[in-house]
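Once you scroll down, you'll see the structures, which are given as structure tokens.
Next come two complexes built around chain A: one with chain B, the other with chain C.
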Partner chain A sequence: MANDREVLREIWDGKLPICFQLAQEEIMEIQQPDAFYVMVPRLSYFPLVTDKMKRHFLRYISQENSDSEMWLDYNGQPLKWHYPIGFLYDLYCGNDPQLPWHLTVHFTKFPEDVLLHCTNKDVVEAHFMSTVKEADVLKHRGQVMSTMQKKDHNQLWLGLQNDKFDQFWAINRRLMESHGDSEGFKHIPIKLYSDDGTCSQRLVSPKNNDGSRKTLQQMIAELYPDKLDVQLRTHGIVIPTDTPLQWLSEHLSYPDNFLHMCVF
Partner chain B sequence: MGDDKQTDDVQSDLSQATESLKIESEQKDGDSSKGDNKVKIDILLKATGNAPIMKKKKWAVDAEKPIGWIMEFVKKYLKLEPNEKLFLYVNQTFAPSPDQLVKNLYECFGTDGKLVLHYCKSQAWG
Partner chain C sequence: MSITTITFDEFLASAKEFVEKSEKLGDGWALKDNKTDNLKTYLRKDTFVQCEDGSMNHLLKVEYVIFYNLSYGVPSFSFNAWNSSGTLVTLDDIRKMSFIQINEKDFYSVITQQEHPIFQRPYFIMHPCHTETLLAAFKNKSMNIIVTFLGLITPLIRLNLPLEYGL
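This part shows the complex of A and B:
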């Protein structure tokens, strides 16, 4: 794989400009806080890139809330920290691009029924590693992750956390190899989201019954037999429907080894 | 093992069981359908490590329920303290996100018509 290393690099380098603003009801100072602008990697997670922003706003909120858990919303929609940032943008702004992306920062009224708690970065790491393991179960019956050493797992996580492409891919390439005599994965790790954010996961083979490579179009026909003209977006791109699934999985998966695609 | 088998065969409806345990249950809609039209998925709950065994292991659960809901159910069933942790694993490999839906896991990892979930009180598989 990875003959198309430039594609991997382009995806890795994808960034989003974000404008954070403190929710009006949180502001306890007479002086209004400036908005906080930052460029963040599309492949990352919000808790990994918001330390500085949090410090910026802390001095404007009530002291009693300074230890409470921060959360974000876009247009009143709480953002799930355990989804990659780029995917969240595609989900909520894919049809109507907005740059910079305007997000609101909260320290109170945590939406318990919508968001999972994230007390520190270890929680993000546990979620990330678990998702990589799930993907490996689908691709290789979990054999690659279980034969890796702890330091390899750490390197995957640190590569993502520190935005180090080479560090990450030195390990991730092993997760992208095909095993046995078969060319391709056993199944394609893929999560498909409707526009309300509902996630659907199906068992998808990279091959058709006759052994030929399955394309996105063929998968769409299988999963949505009643719908006409289904399109899928990821990394800000509407994916051409003749793209083979195996290639998509090797090149356009998020670091958690899943394809996260918005259906529209 | 023979004893286990007996309890395994008795299948129960998880949502009814949780109601008796006074967990917040699915909204009761006014009509008399009582959720019978909902798709149910069979799950098998297996203890691992130091976790106590559940007398009843096989349950039918609403396909749209999130994993976090099952975790809460098991915690209540085992009468764990609020500060005690519970971990759920699929394929004895990975811990699904609490907001993952049961139907998605069944679709990808179900075997022989059911989804097997291992639970324990400490982290078992990384």
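This part shows the complex of A and C:
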């Protein structure tokens, strides 16, 4: 049960300062556009927070590109919009903080072999709901999401989209309850990313074979038996290794109900 | 209807058996293993498919990939398709070309473009929640779970499945 409300609130309120700059090859006016500075929620997705920035830059690009799909890069790396913003920052800058985070805005040469298209916010919603459902399959065999009503699903999405903590957690708390008679989820929804961006997924139980609560250290020992000093970062924090996994999953998951962790 | 899942080891054993049969039949499937992450082992077949779009005929290069979906505990079907000039085909193109025989209403909930869990690049992936319920009806009767799985989806996908797999 996600009881530690202070932690939930701190995670929810996490923000990142970002400086968006238009790519030089996109600029069609003699006048250089100002950079666009904004604080964005770590838990959100770029398509949900870039409308104003896009309007700012549209004045400076070629008319024929004004309907083109916008995309972002950091140091030449295209940014996957379907990853939460805070996770993308941890992935690229976790070991070397860069604030504000300087991102480049493009309207041409969409890298189709790397990025998914995102033509509207419905695409973000569909991706988000699909991921929450996947997490629920891992935690409760999908039973919580399938017994919720459509309006509950809508409330999860609207809570995230509109940055409303209480609205979101009124529904999400049900997804953080234990599975059946046990004290914990069936499996922990977790994705682990190495420095090169490779994602690994594993079936991780919140309990050890003796029934005790599995800690982060015990999971690390299971998954990386040959490596020394593995550390995991999420939400910009290096997690103490004695933290119980079930608690982590309840309190430090992203709104999509996954722990997105960087391994280093 | 009950939901059935398989373990990765069951998937892998079935995949190996399936590939042996494919080699005998000359059907072109290959098992691609991943040295650093065994869970990312997958089945792949590259082929060409002719599709109609109204009165036009198109030749598509298609890559089919079957992989194990860890969250759902089922095999998953994914593919990408390129047209004759090497451009990745869009989901709308695919629907219009009748590459997939699903009515428009259901189409976008069955197949979506997603980041592939193995390749981490955009692929068209069949939603795994349909696989669970489909497999449940057939699991106990099957000689090979991959053959069963493909048998269930070939009515939807332009994918030739020789009857000899069933022998």
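Keep this in mind: the second predicted complex is superposed on the first by the 264 of 264 C-alpha atoms of A that agree within 3 Å, B and C clash if a C-alpha of one lies under 4 Å from a C-alpha of the other, contacts with A are read in each partner's own complex, and residues count from 1 in each chain.
Rule of thumb we're sticking to: a residue touches a chain if its C-beta (ideal position, glycine included) is under 8 Å from a C-beta of that chain, and two chains touch if they have at least 3 such contacts.
This is a predicted model, so every value here is computed, not measured.
Per the definitions stated earlier, placing chain B and chain C onto a shared chain A by superposition produces a clash between them.
Contacts of A:H82 after superposition on the shared chain: both chain B and chain C are touched.
Using the contact criterion defined above for the overlaid structures, shared-chain residue A:S200 touches chain B and also reaches chain C.
Of the two partner chains, chain C is the only one touched by A:E112; chain B is not.
Of the two partner chains, neither chain B nor chain C is touched by A:N208.
Shared-chain residue A:M129: touches chain B; no touch with chain C.
Annotation: chain A residues 80, 82, 116, 126-127, 130, 133-134, 137-138, 142, 199-203 touch chain B in one complex and chain C in the other.
Of all the residues in chain B, the ones that touch chain A in their complex are 90-91, 93-101, 104-105, 107-109, 125-126.
Put simply, chain A touches chain C in their complex at residues 80, 82, 112-117, 126-127, 130, 133-135, 137-138, 141-142, 189, 197-203.
Across the complex, chain A meets chain B through its residues 80, 82, 116, 126-127, 129-131, 133-134, 137-138, 142, 145-146, 153, 187, 199-203. Touching chain A in their complex are the following residues of chain C: 3, 37, 39, 70-72, 88, 112-115, 117, 120-122, 127, 129.
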